[in-house]
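Note that the chains take the letters A, B, C and D in the order they are written out, and that residue 1 is the start of every chain.
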Amino acid sequence: MNALLAVAEPVSTGAPAWATLGYLVTAGCFITGIKMLGSPATARRGNFIAGFGMLVALVVTLSQVATTDSMHFDWAVMGIAVLIGTAVGGFSARAVRMTAMPQMVALFNGMGAGAAALIGIDDFRTGLDGFIAFPGFSSNAEIISVLVSCFIGSLSFSGSVIAFGKLQELISGRAVTYPLQRPLNGLLLLAIIGLGAYIVVAPSIELLFIYIGITLLLGILFVIPVGGADMPVIISLLNSCTGLAAAATGFVLGNNGLIVSGALVGASGFILTQQMSKAMNRSLFNVLFGAFGQGAGQVASTTGAGGGTVRSTTSEDLAPLLAYSRLVIIVPGYGMAVARAQNDVKELADELERRGVEVKYAIHPVAGRMPGHMNVLLAEANVPYPQLREMDDINPEFARADVAIVIGANDVVNPAARNDPGSPIYGMPILNVDQAQTTVVLKRSMATGFAGVDNPLFYEPKTLMLFGDARASIVALTSEVKQQ
Amino acid sequence: MNALLAVAEPVSTGAPAWATLGYLVTAGCFITGIKMLGSPATARRGNFIAGFGMLVALVVTLSQVATTDSMHFDWAVMGIAVLIGTAVGGFSARAVRMTAMPQMVALFNGMGAGAAALIGIDDFRTGLDGFIAFPGFSSNAEIISVLVSCFIGSLSFSGSVIAFGKLQELISGRAVTYPLQRPLNGLLLLAIIGLGAYIVVAPSIELLFIYIGITLLLGILFVIPVGGADMPVIISLLNSCTGLAAAATGFVLGNNGLIVSGALVGASGFILTQQMSKAMNRSLFNVLFGAFGQGAGQVASTTGAGGGTVRSTTSEDLAPLLAYSRLVIIVPGYGMAVARAQNDVKELADELERRGVEVKYAIHPVAGRMPGHMNVLLAEANVPYPQLREMDDINPEFARADVAIVIGANDVVNPAARNDPGSPIYGMPILNVDQAQTTVVLKRSMATGFAGVDNPLFYEPKTLMLFGDARASIVALTSEVKQQ
Amino acid sequence: MTAQSLALDAFVFVLAVFIGFELITKVPPTLHTPLMSGTNFIHGIVLVGALSVAGVAGGTAGTVIAFCAVLLGTLNVVGGWVVTDRMLEMFKKRPEPKKEGE
Amino acid sequence: MTAQSLALDAFVFVLAVFIGFELITKVPPTLHTPLMSGTNFIHGIVLVGALSVAGVAGGTAGTVIAFCAVLLGTLNVVGGWVVTDRMLEMFKKRPEPKKEGE
């Protein structure tokens, strides 16, 4: 190597070559894994490949720990931590109900974010003397990296915990609003930035703890106002944030594996968040600051289709209609999830099929409260996959259906989305249940759904309402059908 | 920074931070540029963005040269090189005919590849003493990088020059075959590898020149057997190779900008090559080793539709038919490019339109000898873009066309692709010219086209053949139409 | 942490961000939740960071922090992977259940 | 060139290869040639390499090699860009030419 070239060439870095190459394998696995997760046919294999990448990263790291003078590494203590983590994480993830999956994702996301913040704290503690003794670019850069990883990590940690609490109904799932919401958040953010700048100038562990405390508070206040229904989007956003937090710890530790993996999650998670909010017909901004989602009542009254008459029915009256149909299409919605009626729905369908009725399920892409919500529930109830039909696929079939049974769905079957340009949900594609010979709607009241808009479907002459909890109604219906 | 962490962190590298960040901007521009080049609406902007990225890279490099003790950098001499390069490159690229574009791409590709090889030589020369004095990993790694960049660079250089020669018809464009072709190439490759290994052990500039000489020969022998028609695929492949050569010089010089840009071109170029060969209904392997592409004759005789009768016509007879049509569809093919008839075709179309005839152009995706060949030619002749219709778009319209004029196209209108499972081109989508009231075919003889298969279209009762050079025929036809 | 190493880290970071953006094109809505969960698993890579700082600090405080970081990281990794796998299990083809029984 | 710097270079190389693979999805055949030409321009970045070795070697031979490398690199850059631009010019919407004249 010679004069100029030496300048242009990155020379000797800290990480040994084999570690860098190991992390490269990890990065390759993660990239391939994420790609494969994007298509149903390869998704599961993608998760295995990502898992393999993680294994490689862990082996590389432990080898590094073992081969360097890592004097304080206590294999026993760390082994215990890993064992506990594996047992608790593995067990709870296995044991939890399918319907509780979103909150599990939130929880584990919070764990990762917390780890990132702790790593920041640890690095700050051990580096503190050096920062004070040798101020300058190097110290400043490291402090800033620590601050970034503590900020994103703590924010995502407390935000995820709140999201978990809301979905698990430990905290009110409603869109909690409080006065001066935005100014308060802005103030906290300013305080965090100011404090951070001060920490760079005068590093101190106590100030770092205050810094983290304010950030935790901000995370809580940030997620509290979001309605439970928007939670999937928020969790996806926090997930993307935790990715960035991991990347920030990568900067702190100068570890390429962390930087790449974190950046991958940060970027792909952000794209995914956008796709999710788009699939729900909401803008990301709206989700974050709208506190819509529980608006109900007032919107309904403005649309006010209330004038029509509603025809209510009973399970006895309905049973013969179903039993002697040729094609019945079941349209599940959020109410089925609330009532936990999926197994009973399956039972009704089985009974109908036994009698020679053809049964199909119409799955609207945003039915329920998370993407794929209905698929997951019905799969749990062992409904064969081919019977679950996507919207574009099933819509033409309603015209030849004898009965469409709408089980706790509302917005996704609202014809106003098709007909009424003044409606807030106008333009959203819906399931054309009103084209069936008869439409039966199972819900508890005339209340509105997620979007808070009244549903003209309920007032149509072809529509019969079967009021009551979806599960109770279905069970009653099944026993009546059996008696036919 | 502390014990273990120091190990995990890349410390102080040769390239100054601002240079690395500058190259990062370049990489971002190139990535964005390539992405935008993939869609017609943004392609041109993409090229500008890529150009900006290049500018940034050059500014960064020159600043590095200026700010370091680059004692031998002769600004005057290098300035002259840049000036000559700009003048010659800019002028020839501006001056050349549109139809000669593919060979220009080949030529400039060869230039870049040659530069990569020269950089390798230069680095080897200046590093030689060090290699000999300090053998070991570092020297070996650098020699191997040099060998790789010289290998790919030289191969791509001589290959591109041959490709240029073939397309420019300085060398026979036919698929030149010679005995023992594959064994010979294999032998050369082995010699190169052996010699390379020896150079690593005992570095010597003379041996490097021999190494490069053999590689240049291999590049020639590699491209010589490929038929002129397959040249676009080969050029794309060589383009991808030059990308890798640039990346290899990046390893030699430890320059991230070169590594990233070269890798981008290498990878995206490879995908593009595959897409191109797929669009031509050929596998990449077939293109490289098939020496098909000029097979003609013999295939035709096996298919042997020769029994039918052919109806030949004259321009006088044809003129009234055209002049009093309502819809005429023009189907250009490779023969139009050979005859350079595009301007005359446009003139004929204008004349017909003046008479109230509706004229459309049906563009088959692989008509001609390079992707977009017909679009480029007809755009050069100022045919308005909306008149150029893609296959799927125009195919339904043939049924209502009075006349379809096939100008030097053959394979892309061969009904055997639709009807005859035994045909080598069976399954390729074609333009349904046989559905027009009358089909007129302009070509010089009954010879086959690129695929070498006979065309049953010519024997159909609705088909009229107008033999002769396409340009002469069109000119005659136009003047006859004017006299109507 | 020199300016040079920082710039190199930024280089790698930005490239990875580009990959992340390109990677996800049009994902069917049913896969949104599993994909979220899968990437949630991937940022469990912080466990690597937790393990590599674990040996640095001595003393009770250091050990406690490291213990917590490793514990949380492991929860993220193991829980994240299992949840994703369970979700994806739903997508595999099941043998058609018997039509006759209930 | 240490093993460490080599590994880092390989790291960056592989990431860029991933980007390159992801970048090109379904390109319409009409754009194949311009895209090829555009990437042909991009590898003109070797000019950067040519310029940075140009100052290293002294002597006539060194200068000649550097001169040639810079010349070839410039040809690639300038020619490659102009060719691409000319090809893409074809794709922009033209004002409809007059139907009346010939």
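Methods note: contacts are C-beta pairs under 8 Å (C-beta built on N, C-alpha and C of every residue); 3 or more make two chains touch, one makes a residue touch a chain.
On a predicted model such as this, the values are computed, not experimentally measured, just so you know.
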| item | value |
| --- | --- |
| Of all other chains, the one whose Cα centre sits farthest from chain C | B |
| Pair with more cross-chain C-beta pairs in contact, given B-D and A-D | B-D |
| Whole-Å separation of chain centres (CA-atom averages), chain B against chain D | 14 |
| Between chain C and chain B, distance of the C-alpha-averaged centres to the nearest whole Å | 42 |
| Distance between chain centroids, defined by C-alpha means - chain C, chain D (Å) | 37 |
| Where chain A touches two or more other chains, by residue | 1-5, 8-16, 27, 31, 64-65, 70-71, 73, 123, 126, 142, 253-256, 260 |
| Junction residues of chain D, two or more chains touched | 1-6, 8-9, 11-12, 14-16, 18-19, 23, 25, 52-53, 55-56 |
| Contact footprint of chain B on chain C as seen in their complex | 1-11, 14-15, 18, 52-53, 55-56 |
| Complex contact set, residues of chain D against chain C | 8, 11-12, 15-16, 18-19, 22-23, 25 |
| Chain A residues within the chain C interface of the complex | 10, 13, 26-27, 30-31, 33-35, 37-40, 43-44, 46-47, 50-51, 53-54, 57-58, 60-62, 64-65, 70-74, 77-78, 80-82, 84-86, 88-90, 92-94, 96, 98, 101-102, 104-105, 107-109, 111-112, 114-116, 118-119, 121-123, 125-126, 137-138, 141-142, 145, 232, 235-236, 239-240, 242-243, 245-247, 249-272, 275-276, 279, 347, 350-351, 353-354, 365-366, 370-372, 375-376, 379-380, 382, 384-385 |
| In the complex with chain A, residue positions of chain C that touch it | 1-6, 8-9, 12-14, 16-21, 23-58, 61-63, 65-94, 96-97, 99-102 |
| Chain A residues touching chain D - in the complex, by the definition given at the top | 1-5, 8-18, 20-21, 23-24, 27-28, 31, 256, 260 |
